[in-house]
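Listed after this line are the structures, all set down as C-alpha cells.
One chain, subunit A, appears in both complexes that follow, with subunit B as partner in the first and subunit C in the second.
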Partner chain A sequence: MSDFLQMGLTGVSLGLMYALIAIGLTLIFGVMRIIQYAHGEMFMLGAFVLYYWHAEMGLPYWAGVAVSAVVIFGLGAVLQMVLFKPLHGKNILYSLAVSLGLVLIISGSGQLIFGTTTKGIPSAVSGGVLLGGAYLSYERMVISAVSIALIVALWLFLRRSVTGLAIRAVAEDPDTAALQGIRTGRIHWIAFGLGSAMAAIAGCMMGTLLSIVPTMGFLATIKAFMIVIMGGLGSVVGALVGGMILGMIDSVVTTTISGDIALILSFVVIFLILVFRPSGLFGQNWD
Partner chain B sequence: MKKETGSLFVTRRRLLVTGAAALAAPAILPRSAFSQQAKTIKIGGAVPLSGPVAYWGHSTAQGFIDGAAVINEAGGVMIGGEPHMLEVISYDTKGEVADSRAATMRLVEQDQCKYVFSQAAASNVGMLQVTEPAGVLSIVACWGYLDLFGKDYPLHFRAEMSDYEQGFAYIPFMQEKYGKDALKTAAFIGPNDQDGTDCHFSYKRLMDYYGITQKAAEFYNWEDTDFYPIVAKTIADRPDFIVTSPSPPGITASIIKAARELGYTGPISSPAASETKTILEVAGEHADGVILPVTNVEPSTDTQKAIEKRFMERFGSFNALAGNYSWWIYSLKAAWEAAGTAEDTRKVAEALAAVELEDTYVGKVKWAGKNSFGVDRQGVYDCFTTTIDKGVAKVEDVRFPALPADY
Partner chain C sequence: MEDLDRPHRIAWLALLAVALVVPFLVNFDLYLIHVGIIITFNVSLAASLWLIWTLGVISFAHAGFMGIGAYASALVLTKLGLSMWYGLWIGAFISGAIALAISIPLMRTRAVYFFMASWAVGEVIKRNFAYFKDFFGGWDGVFDIKPPVLDLGFLQIDFANRVAYYYLALFAVTATVWVIHRVNSSRTGMIYWSIHENELLAQHTGINVFRHKVICFTIACTLVGITGALYAHYQTYISPKTFDIWKSEFALVHLIVGGLTTVGGPVAGAISLTIVDELLRATGYFRTIFFGVVLIASVLLLPGGLETVPGRLRKLFQRTSGR
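Now for the complex of A and B:
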C-alpha cells in the first residue's frame, strides 16, 4: 500500500513540475502561434540566475526565485520584440528557425559562461514527513505548492484581470481583438515574457530538486512539448492534465516495470490521444 | 553563503583558457619546442571541448598541454640521443562520433599526428575508425564499448581505470570499512546505453569475484529528470550497498539524494562521479556515506602539489580528474625513450605496455590486462578513495588494485 502511495505522491509532484514547464510554452503558442523551441533555455537560465543569486552570492532563496522570474520575463520580452515580432504573421517555419538558433546560442554560451560541470542549488527547506508509510520531503511539498499556486494564479490572471482577458482575446482572434482596441503587440511581449518567467520558475524549482547544467534546457523542451501536444496547444488546463499524466506514467511505470517502458508508454499515450483527439485533450483546432 | 573556490569548480576563465590553450598549444609552449634544430613529436587530441562531456575533454587536454610544456622545458624527449620537442594539437569532437572521426582525420592526415588521445565513448569510437587503420597509437579514457579493447586494436590503450579495475581497490576498502557481513548484496543503477550495459557487465563480474549477490540492476534513461521512481524500485530489494556506475556526478548526486530521502542508509559507491563539490551541492546533507574511488581531493605528495600548482597557474583551476589524466604523457615519453623511436608506433606500443611510473599524480602506474585484452593496455594505478562524512570529503584510502591473477 505504501509503495503505491509513494508512487502516487511522486507522480503528482513530478506532474506538477512538468506542468509548470509546459504552461509557459502553451501560453506563448496560444497567443503568438509560434513554436518556442528555446523555452527549455529559459528554464535553464532561470535556474542559473537562482544559482548565482543564492548558491554563489548567498542571497535569500525566495528573493532569488522572484529575481529569476523578473530577469527571464525581461529577456523573453526583449527576445519577442527583437526577434519574433518582425516574423509575426509569417510562416511558422521562420520562428521555428529563430528559436532553434536561440537554443544553440543560449546553450553554447551557457557552457562558456557557466562552465560545464553540474551544479546544485541548496534547498530552502530540508527534512520530510512519512504519510501512510510513504515519504514526502518538505522540498517536494514546497515545489508542488508553488506549482499549484502559480498555475492557479495564471488561470485567475487570464480570467479576471484586464490584461489576462486581453491575452485570451488575442489568443482567440487577434484581428478582432485589435479592432476592440487591444494593443496586440504589447500583449505579445507580455505573453512571451510571462511564459518565459514560468519556465524560469520551473527551472528554479527543478534545479533545486535535481541539479543544473547549461544543457538541461533540451530535455525540458522535450518534456514540455510532449505535455503540450498531449494536453492541446494553447490550453493551460491541458498542460496541467498532460503534466499529471506524464508524471504518473514516469512514477508508476518506472517503479513497477522500468524507465524504458515508461518512456515508450508516454509516447503510446500521446499517439492514442492524437488519434482520437487530434488537437490534444483540451486543444483547439489551430488550422 | 560563502563562495566556494574549491579545486573542482570549472570557471568560465578555466573553460576559455583551456579551450584556447588546447586549440593553440604552440602559443603557450616554449619557443624551443618549435625551433628548427629540434625534431617535433605531434600529439593530437580528439576530445570533447564543448557539449555535455566537455568537462572530461578539457581535463584530458590539460594533462597533455601541461605535460608537454614541462617536458619541453626540461629539454624534450631524448630519442637516440637527440631531443624531440612535443607539440599538442586538439580539436573539438563535441562528444559526437562523426565529429570525432573528422577531428581525427584532420589530426592524422593534415597534422601528421602519430599519437592521438581521446575521451569518452562517442569520441573514442569515432577516433578508432581512423587511428587503428592508419597505424596511429591511441590513448583514451572510455569505460564502455568493451569490444574496442580486444585484440583487433593493438595500438589502442585505455589509460583510465574503468569501474572494473577500480573495484579491486574500493571493494576491499569497503569490506574493511563496513565489514564483509555488512556487504553481502548490492544493486546497480546506470544509464540504459552501451556504457551502462558494459559497466553492468563489469560490475557483475566484480560482484561475482567478491561473492556479493546482485539484488537489483536498474537502468535509467538520459531523459529522466526525477530519480525517485528508479531509486524506489532499487531499494525495495534492500541491497546492502548501491553502485552508480558510470553515472556522471549530477545524476549520481540526484540518485544519492533520492535514496537517502526514501530512507536508504547503506553505502553508495560511485566510480565515475569524481566531483565532490557537485555531490555536496546537490545531495547536501544526504551525501554522507558516499564512496568515490579514484578521487583525490587532497593532493599531498610533492608531485601532486606541483601538478596542482602548475595547473592553477596555467589554466586558472585544477580538478581531481585532470590530475588523474596528467600521467598519460609521461608514460608516452618513457615509451618513446625505451623504444628509441617515435616513428614506429608498433615498437612504441610494445614499449608502452611495459612502462611503469612510480611517482605520478595517481601514485604508482603500470599497464596491465594481457590475459583479458591480449596486450597490457589497461592503465592501473593507486586508487585514492574519497568518502563523504558530515558534509566533508576526505581521502580515506589509497591502495593499488589487487587485480586477479588471470586479468
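Now for the complex of A and C:
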C-alpha cells in the first residue's frame, strides 16, 4: 500500500513539473501555431541562469528563480521578434526548421560555454515528512506547490487580465483579434516570452532535483512534446492532464518494471490516444 | 525522363556523370570515397522523405524505417547467414510491411499531430532495438555485418572494396531518385500534390485520400529500407543510436535547405550539406552550432532553398543585362 502511495505521490509531483514545461509549449503553439522545438533549451538555460546566480555567485535562491524567468522571458521575446516573426503565416515546417536550428546552436554553444561536466544547484529547502509510509521531501512539496501556483496564476491571467484575454483572442482568431484593435505582433512576443519563462522556472525547479548539463534540454523537449500531443495542442487543461498521465507512467512503470519500458509504454499510449482521438484529448483540429 | 525539359535533363545527366567519374578525379582517395558513399545514403534518405512531403506532411519516423531495413538485413546475415543480396529485399519488404501496418492508424492524424505521432513511432522503433538485447543486441548494436560479394561466374566483385561499394551505392541512389521522380511525375504524383494542396478538395473530387497516403508512405519507407540495408553492410556496424530522431531531423534540414518543390531540392540539399558537414568535422562543437546557423539562415534568407538558386541567378542576369 505504501508503495502505491509513494508511486502516486512521485507521479503527481513529476506530472506537475512536466505540465509546467508543457504549458509553455502549448501556449506558444496556441497563439502562434508554431512548433517551438527549442523549448527544452529554454528549460536548460533557465536552470543555468539559476546555477550561476545561486551556486556560483551565492545570491538568494528565490530571487534567482525570478531573475531566470525574466532573462528567459527577454530571450524568448527577442527570438520571436528576430526569427519567428518573418515566418508568420508560412508553412509550419519552416518555423520547425528554425527552432531545430536553435536547438543545435543553443545546445552546441551551451556545451562550449558551460562545459560538459554535470553541475548541481543546492536545494532551497531540506528534510521531508513520512506520510502513511511514503516519504515526501519538502523539496518536492515546494516544487509541486510552485508548479500549481504558476499554473493557476497563468490560468487566471488568461481568464481575467486584459493581456490574457488578448492572448486568447489571438489564439482563437488572429484576424478578428486584429480588427478589434489588438496588436497581434505584441501578443506574439508576450506569449512566446511567457511560455519560455514557464519552461525556465521549471528548469530552476528541476535543477535542484537533477544534475544540470547543457544537453538536458532535449529530454525536456521530448517530455513536453509527449504531453502536448496527448493533451492536445493549445489546451492548458490538456497539458495538465497529459503531464499527470506521463508522470504516473514514469513513476509507476519505472519502479515496477524499468525505465526503458516506461518510455516505450508512454510512446505507445500517445500513439493510441492519437489513433482514437487524432487531435489529442482536449485538442482542436488545427490545419 | 521524357517529361523533363532540356536544361533539367542536362543537369541531371551532368550530375550523374560527375558522380561516375569522381573516384578517378580524387585518385581513389579512400576518405573522399567514404564521403561520397555517405552522400548517396543521405540523398536517398532525403529524397524518399521528400516523397512523403508531397503529401504535405513530414515523417520523423523515417530514420526509424531506415533502421528497420538495416536491422533486418543485418540480422538475416548474422543469424541466417544469407548475404546482402537477400537481406536487401527482406529489409525493404519488412520495412514496407511495417510502414503499411503503422501508416493505417498513423494517417488518421493530420498536420501537426502527424509530425508528433510519426516522431513517437520513430522513437518506439529505436527504443525497441535498444530494449530487446538478445535479438537486436541492445544499445551495443549489431557487429560484423559483412559486405556482399557479387559472383558473376567470370567476374567476382568484392564489395568490401570501397570503390566497388561506391558504385553500388551510386546505382542504388540513382534508382531510388529515379523511382521517386517517376512516381512524382505520374498521375499518382499529381494526386499526391493535390492532397498536399487541399486534402478536403481532393477527397471531394473522388480521390481516395487515405489509401493514397498509406501507399505513398509505404513506398517511401520501402525505399529507405533499401538504403538502410546498404548502410548496414557498408558500416558493418549498426546501433539504435544511428537511427535516432536526429537522423530524421537532419534529413528534414537537407530538404529545407535544398528546397521542397522538386526532387532536385533534397538531392542538392543532401549533397551540399553533407560536404559542409564533413568540412566542419574537425571543429567539434562548432559543427553543430554552424549547422544550426546554416539552417536558420537558409530558411530566413533563401526561402525556397537551393533549388531556387538557378532561377534567382537567371533573374539577376536578365535584370543586369536589360539595363
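Rule of thumb we're sticking to: the second predicted complex is superposed on the first by the 287 of 287 C-alpha atoms of A that agree within 3 Å, B and C clash if a C-alpha of one lies under 4 Å from a C-alpha of the other, contacts with A are read in each partner's own complex, and residues count from 1 in each chain.
Keep this in mind: a residue touches a chain if its C-beta (ideal position, glycine included) is under 8 Å from a C-beta of that chain, and two chains touch if they have at least 3 such contacts.
The structure displayed is predicted, hence computed values, not measured ones.
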Subunit B versus subunit C as contact partner of A:54, first or second or both or neither: first
Which of subunit B and subunit C A:254 touches, first, second, both or neither: first
Which of subunit B and subunit C A:6 touches, first, second, both or neither: first
Which of subunit B and subunit C A:137 touches, first, second, both or neither: first
First (subunit B), second (subunit C), both or neither touched by A:94: second
Touching partner for A:122 - first (subunit B), second (subunit C), both, neither: first
First, second, both or neither for A:108, with subunit B first and subunit C second: both
Which of subunit B and subunit C A:263 touches, first, second, both or neither: both
Common interface positions of subunit A, toward subunit B and toward subunit C: 108, 111-112, 222, 260, 263
Residues of subunit A defined as touching subunit B within the complex: 3, 6-7, 10, 14, 17, 54-58, 108, 111-123, 126, 128, 135, 137, 206, 209-211, 213, 215, 219-220, 222-223, 250-252, 254-256, 258-260, 262-263
Subunit A contact footprint on subunit C (complex, rising order): 58, 105-106, 108-113, 115-117, 119-121, 123-124, 127-128, 130-131, 249, 252-253, 256, 260, 285-289, 291-296, 299-300, 303
In the complex, subunit B residues that touch subunit A: 1-3, 8-12, 14-16, 50-55, 58, 192, 218-226, 228-230, 232-233, 236, 248-251, 253-254, 261-263, 275, 277-278, 280-285
Subunit C-touching residues of subunit A, taken from the complex the two chains share: 29, 35, 83, 86-87, 92-94, 96-98, 100-105, 107-109, 111-112, 222, 225-226, 228-229, 233, 260-261, 263-264, 267-268, 270-271, 274-275, 278-280, 283, 285-287
